[in-house]
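Note that chain A is present in both complexes that follow, paired respectively with chain B and with chain C.
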Partner chain A sequence: MKLQFNINKSLSLRIAVYVLSFCMLLFLLVLLVFFFFSRKQIEEMTLKNAQIITNKSAMDVERTILPIIHVAQNYKWMLENKQQSSEELYEMTRRVVENNPDVIGSAIAFEPNFFDKEGLYFSPYSHRENDSIKSMQLGNASYNYFYMDWYQIPVATGKSSWCEPYHDTGGGNVLMTTYSTPFYKTVNNEKKIAGVITFDLSLNKFTDSVSSLKILETGYATVLSANGTFVTHPKEELIMNQTIFSYAAELNNSELREIGRKIQKENSGYVSSTLNGVERMLYFKKLSSSNWSIAVIFPKSEMYLPLHRISIILIVLVCIGLLLLTVIVSKIISRQIIPLRHFASSAREIAKGNFSNQLPVIKREDELKDLHDSFEYMQRKLTLYIEDLKQTAIAKEKIESELRIAREIQMGMIPKIFPPFPNLVEIDLYATLQPAKEVGGDLYDFFMLDDNHICFAIGDVSGKGVPASLFMAVTRTLLRSVAHDQMTPRNIVNSLNKSLSTNNDSNMFVTFFLGIIELDSGIMTYTNAGHNPPVLIHPNGEVIVFDMTKDIPVGIFDTFDYSEKTLQLLENDKLFLYTDGVTEAENKKEEFYSEKRLITTLCNHYRLTPKELIGIVSEDVAQHVNKNEQSDDITMFSIVYYGNKR
Partner chain B sequence: MGEIPSKSFLTGGICTNIPYLLHRMKKMLISWIGGLLCCLQCLAQELPQLTFAPQWLPQAQFAGYYVAQKKGFYKAEGLNVRIVHPSASVNSVEYLKNEQCDITTQILTSAFAFREAGIDLVNIAQISQNSALLFVSRKEKGISELSDLNEKKIGIWLSGFDEVAREIIKSNNYQVQWVPVLNTVNLFLSGYLDAMTVMWYNEYDQIIQSGVNEEELNRIFFSDCGFNIPEDGLYCLDKTLIQRRGDLEKFVRASLKGWEYAKENKEETLGIVLEEMKKNHVPTNKAHQAWMLDKALLMIDPGSKNVKKGELAESDFVKAQNMLFEAGNIKTRTAFKEFYKPVMK
Partner chain C sequence: MNITFETKSNCTVIHLTGRIDVTNSNDFETALIPILGDHRYSFLINCAELNYISSSGLRVFLLAQKKVMAARGHLFLCCMQPMIREIFDISGLSTIFDIRESEEEVLQQAD
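After this line comes the complex of A and B, so read on.
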């Protein structure tokens, strides 16, 4: 399946990304914990390592020095307890050089005039020269050894001492130090200082061994004398030229000076400091046999270098792993959701109406199987439902068709040809009926009773739809039949009422207005059975609404006796009759068209012919309703009396 | 002692000095040959030549002369100056005596001693106006003023420069145990000595550079004890003065200019000094040389003394001569005008 790289379009990719994000978060957390603990571990291990290296180096030195110190102690004992001849003293110095390869020279230097025979200076001295050992007497006027550090300090302090390192320039730039220890003789029962035993030691072996020490990448070891002089250092210009304190002054680094003092005062310890712009760790250890110290120094950052390397490798590997994981997870999920795609296309097919479309086959018993079953159920139900719908639609169509026919029959019952009496010059009339549903309950009718009398009526059956339309048909039919027998509106309406009230099980009624105009006189008699009062429009624009009637609608009480009124129509007087469908026409805001607006419209158009007037009112009502659904039948009727033209 | 250049030279094992001196002599021979070649070059340029020998190996104590040479102040005066350095075995006055140099520096009290020994030295300019000597002690020894030195062990140089220190103690009737030391501060550092006579610009800094902080030390400057006896001055043989007075005047003028330049341009001067040290194969220690330069420049300033730079105050001369005479270091007195013959007008 083609992998879609738009995360919003691919569920598999989206899930893969979520899984990846979580894995990355988890990995980061693990890496941080790993990094933190490893750092601590490495720090401890490196410091331990530095300590071991330094201590081992110190032990190596001690191993060289301690036998020499023992020899010095033996010689001291011999010198203090036995009397030696000058030859024996020379021999003693020679023997120590012979037997100790690390000893370059040895002297037994006596106090001034201690050996009467030998004079002021007496210091038998043997030293290595090339491959042989030479002996000589060291002191003379130009080499007044009494004031040399190697002699003066042990004599003055009564303690053994290591003198500051020096270069034996004659012997090929050998770096040396001298160990001196005083010895005493008892003269006249008084213990007196007799002189000093010295051993000159080459430091080269020691410095070479320390210089070769490597700690991490650029870490190094250094040896400091008691005064802080650099005995070894990777920077050659520092060796023997500078002390740690002068170097600190040169670098203007007071912290380094304090480190130097710490090294002088303490036996061992760790220090962390920034030197030459690099944060460094330092471990130092003082040699137990002297006040010299060995220190190892290494950049702190190098401690973590292996960790950083491992971390980078780890990050790269995990990134590759996560990428693979994303691809694999995406693939697996894609495969798992293949049926979903089929379901999607099935859904589209079903939407098109193809309910029998084949669903994907799910062999597993999981959520997709549930989905499959749901789809199948939906397919079945939809098929049944659509079948029902079809039947219903057919039934509805049938009803609608019947209603259409009923409407046609209903409309056929009311006169629709205008002008109805083209030869009748005294009057002109026009009427419309617009049912709210397919068939309505309103009615109007007009017909000539004889040559001089025209009868017209308008009515509104209670209720709507088929029952109302049937009641309307009955009313209209009855009207025609009773009107020819009765010549007054009162009698017509009374007859009508009686007929309709009888067997009126459905309790329906009709508001009804009926008028008869005597054409030659213009006298109009009328009965208003609960209908809206008609409007009289004079040709001068005066508009008069008829009084409200007290008579009840037709069809309620069969014994009710309706009243009759008379009105003299003048030339060009116009009547406007309507049902409540006009004044109660509602717009979307549920506002009625209202009688007031109707009167205003009639006033504004008083000159118009009945047809024009009804057209204008229809337009105005339509404008008010503004496409809102029509709730009631709308029926209007207008008649104009032109006067006696005979 | 203000003449010690480095620790490596200070400290000495038993089998060091004889081969070392041979080595030095070899180096010196090479430098002499170099000098000879330089001399020939100067002859070609027809500039009068002067050979100047400071009293010790190259160090910031002589910074003004190296600067004058390097910046061409001598050349500008119409002089071709060659600077040579003495060795451990031959001092600069020997050079003067043997006419191996024309001018040297010496400290005032030593100049009296050399005259007493029959060398016809004359002071042609007094460069250092102040004493750089002091007694230094660790605070724990409780020596905060001069009287505290009474009955104490005081280190003092075996090879000279001890006159003023001894006179200060003597004039105050203190009883002290003088402990002669050769040339290191190690006996002081060992704690054996209660106090030690040191040069402010040299041994004092060596103590600091061995890990002792200044605040752990007490200082009693000789100048504060009424013995502000000036030190380094320029000396030549009387006959040289007669013969080459004009050239000597030029030398002093250019040297003073060198010192003035050094004061204004310490970092550059330090570079020149270190270069000179390297050229002469003397181990360098920048921090120590910087300290020395600072203090040497302080010594040059006459301060409240009624003299100009380069002049010797008669009162200083009288005080130094009386002190040496009374101590028995010299047997004859010299007139101020015989001793001090300034070349600068």
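After this line comes the complex of A and C, so read on.
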């Protein structure tokens, strides 16, 4: 499968990316924790290491120095408790140089005039020169040793001291220091200072060992004398020329000065500081035999270098791992969801109407199997449903075609040719019937009873649709069969009512208006069986609504006796009959067209012929309804009497 | 359309709400007619909240009237809105129904 890089289109890749993101987060968290603890560990370990190195160096130094101090103690005891000749004193100085390779020179310097026979200055001195040892008397007028530091300080303090390091002027570039200790004699029961024993020590071995110390990449060790002079330092120009304080002043670094003070004051300790723009760690320790200090300094960043290296390797490895994971997860998932693609194409096929389309085979018992079963169920149901729908459609079509035929039959039952009696000059009439459904329950009819009498009727069956249309058909057929000459409207309606009421189990009824006009006299007799009162329009524009009837609709009680009324029509009097479909035509706000609006329309167009008048009312009703669904059959009938033309 | 029944003294009062037209006249018929088989002497249909009635609805009223009459009971109608009353008047049906102004008037008589 080709890996699709459009995340939105590939479920497998999307899941893989989610997994990857989660793993990445997890890894980052682990890395951070690892990093944090490792740093702490490394910090502790490095400091411990620095401490160990420093202590070892300090011990090395002590090991060199301690024997010298023991020799000094021995000589002191000998000088204080025994009397030596000047030769013996020379011999003592010679022996100590001979036996201690680190000792370059040794002197026993006496107080002025203390050693009777030798005068003001007496200081036997032996020193190593090339490979031999030479002895001499050190003091004279030009070398007045009484004022030298190595003599003056022990005499004044009464304590042993190490002098500041110095370069030996005679023996080449040898860095030296001198250890001096005072000794006393008892004269006249009084302990008096007698002189000073000195040993000159080469520092070369010591500085070499300290200089060779290497901590991390660029870390180093340094030794500071009691007053802060650099005894060793990787920068050679600092050695013996600068103290830590003068160096701090030169760099204008107050922090370094503080460090110097701390080193002088304390026996050992850590300092973390920024020196020369790099954050560094420093550990120092004071030598126990002197006031000198040894310190190791290393950049902090180097401390973490191995950690950084490991971290980078770790990140690279994990990135590769995660990438592999993404690819593998995405492959696994896409293999798992191959059936989904098949389902998608199956669904598309089904949508095209191909319900028998083969579904992908699922052998597992998981969610995909569920999907498969649902799909199968849907296929089956759809097939059944569509089959059902087809049957329904066929049935519906059949009913519709039957209704169409029924409508044609129904419409065929009412007269629709206008003018119906072209030779009849006394009247003109027009009528329309618009069923709300295919077939309706309204009816109108008109026919000549004889040459001089025209009978007309309008009716509205209760309800709508097929039942109403059947009842309408029965009514219309009965009307034609019962009405014949010599009959009055009352006779006709009574007869009609009797026939319709008998066996009328459904209790349907029809509101019915029937009138007969005698053409030569203009006398109209009529019966209104519960129908909307018709409207009489005089040629002068006067509009009169008929009185409401007391007679009930036809078809309710077979014994009901209907009444009859008479009206004299004048020349050009016009009648307008309608069913409640006109006045109860509703718009979308459920407002009726209303009788009031009908009367107003009739008043406004009183001059029009029946056909024109019905056309105008139809238009007005349509305007009111405004495309709302027609709820009831609409029927209108109008007849005008032109007067006796015979 | 909504139809509810209650019994007051020995008269079953039927309350009609909303419209009765061709779409729900069958529901109205199946809800109303079986009640009238009950051996109650009087039935009262309160039309106070009836807003519209079509000829299909009138047919059910007629059916009710005939059934009550056959059982020698009495059917009253009351509290009609003017428009409903007009429909009954136009169709002449007010002559065959006992239409009253208020419910109390009917209940007093039914006692």
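The rule is short, and it goes like this: the second predicted complex is superposed on the first by the 589 of 646 C-alpha atoms of A that agree within 3 Å, B and C clash if a C-alpha of one lies under 4 Å from a C-alpha of the other, contacts with A are read in each partner's own complex, and residues count from 1 in each chain.
Quick note on the criterion: a contact is a pair of C-beta atoms (placed from the backbone, for glycine too) under 8 Å apart; a residue touches a chain by one contact, two chains touch by 3 or more.
Just so it is clear, the model here is predicted, and its values are computed rather than measured.
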item: Fit-or-clash call for chain B and chain C when the two complexes are aligned on chain A; value: fit
item: Partner chain in contact with A:I193 - chain B first, chain C second, else both or neither; value: neither
item: First (chain B), second (chain C), both or neither touched by A:A622; value: neither
item: Which of chain B and chain C A:V278 touches, first, second, both or neither; value: neither
item: Residues of chain A touched, compared between chain B and chain C (which is higher); value: B
item: Chain B versus chain C as contact partner of A:M548, first or second or both or neither; value: second
item: Touched partner set for A:N227, first chain B, second chain C, both or neither; value: first
item: Touching partner for A:M413 - first (chain B), second (chain C), both, neither; value: neither
item: Superposed arrangement, angle subtended at the Cα centre of chain A by chain B and chain C, nearest 10 degrees; value: 150
item: Touching partner for A:D632 - first (chain B), second (chain C), both, neither; value: second
item: Chain B versus chain C - smallest C-alpha distance in the overlay, whole Å; value: 107
item: Of chain A, residues touching chain C in the complex; value: 460-465, 507-509, 511, 528-533, 548-553, 556-557, 580, 584, 631-632
item: Residues of chain B defined as touching chain A within the complex; value: 6-8, 11-20, 22-23, 158, 179-182, 184, 186-187, 189-192, 208-211, 213, 283-288, 290-291
item: Contacting residues of chain A [partner chain B, same complex]; value: 104-105, 107, 125, 127, 138, 143-145, 147-150, 152-153, 156-157, 161, 163-171, 176-178, 198, 200, 226-229, 237, 240-250, 257, 260-261, 264
item: Residues on chain C engaged by chain A in the complex (per definition of touch); value: 21-22, 25, 54-56, 58-59, 62-63, 66, 89-93, 95-96
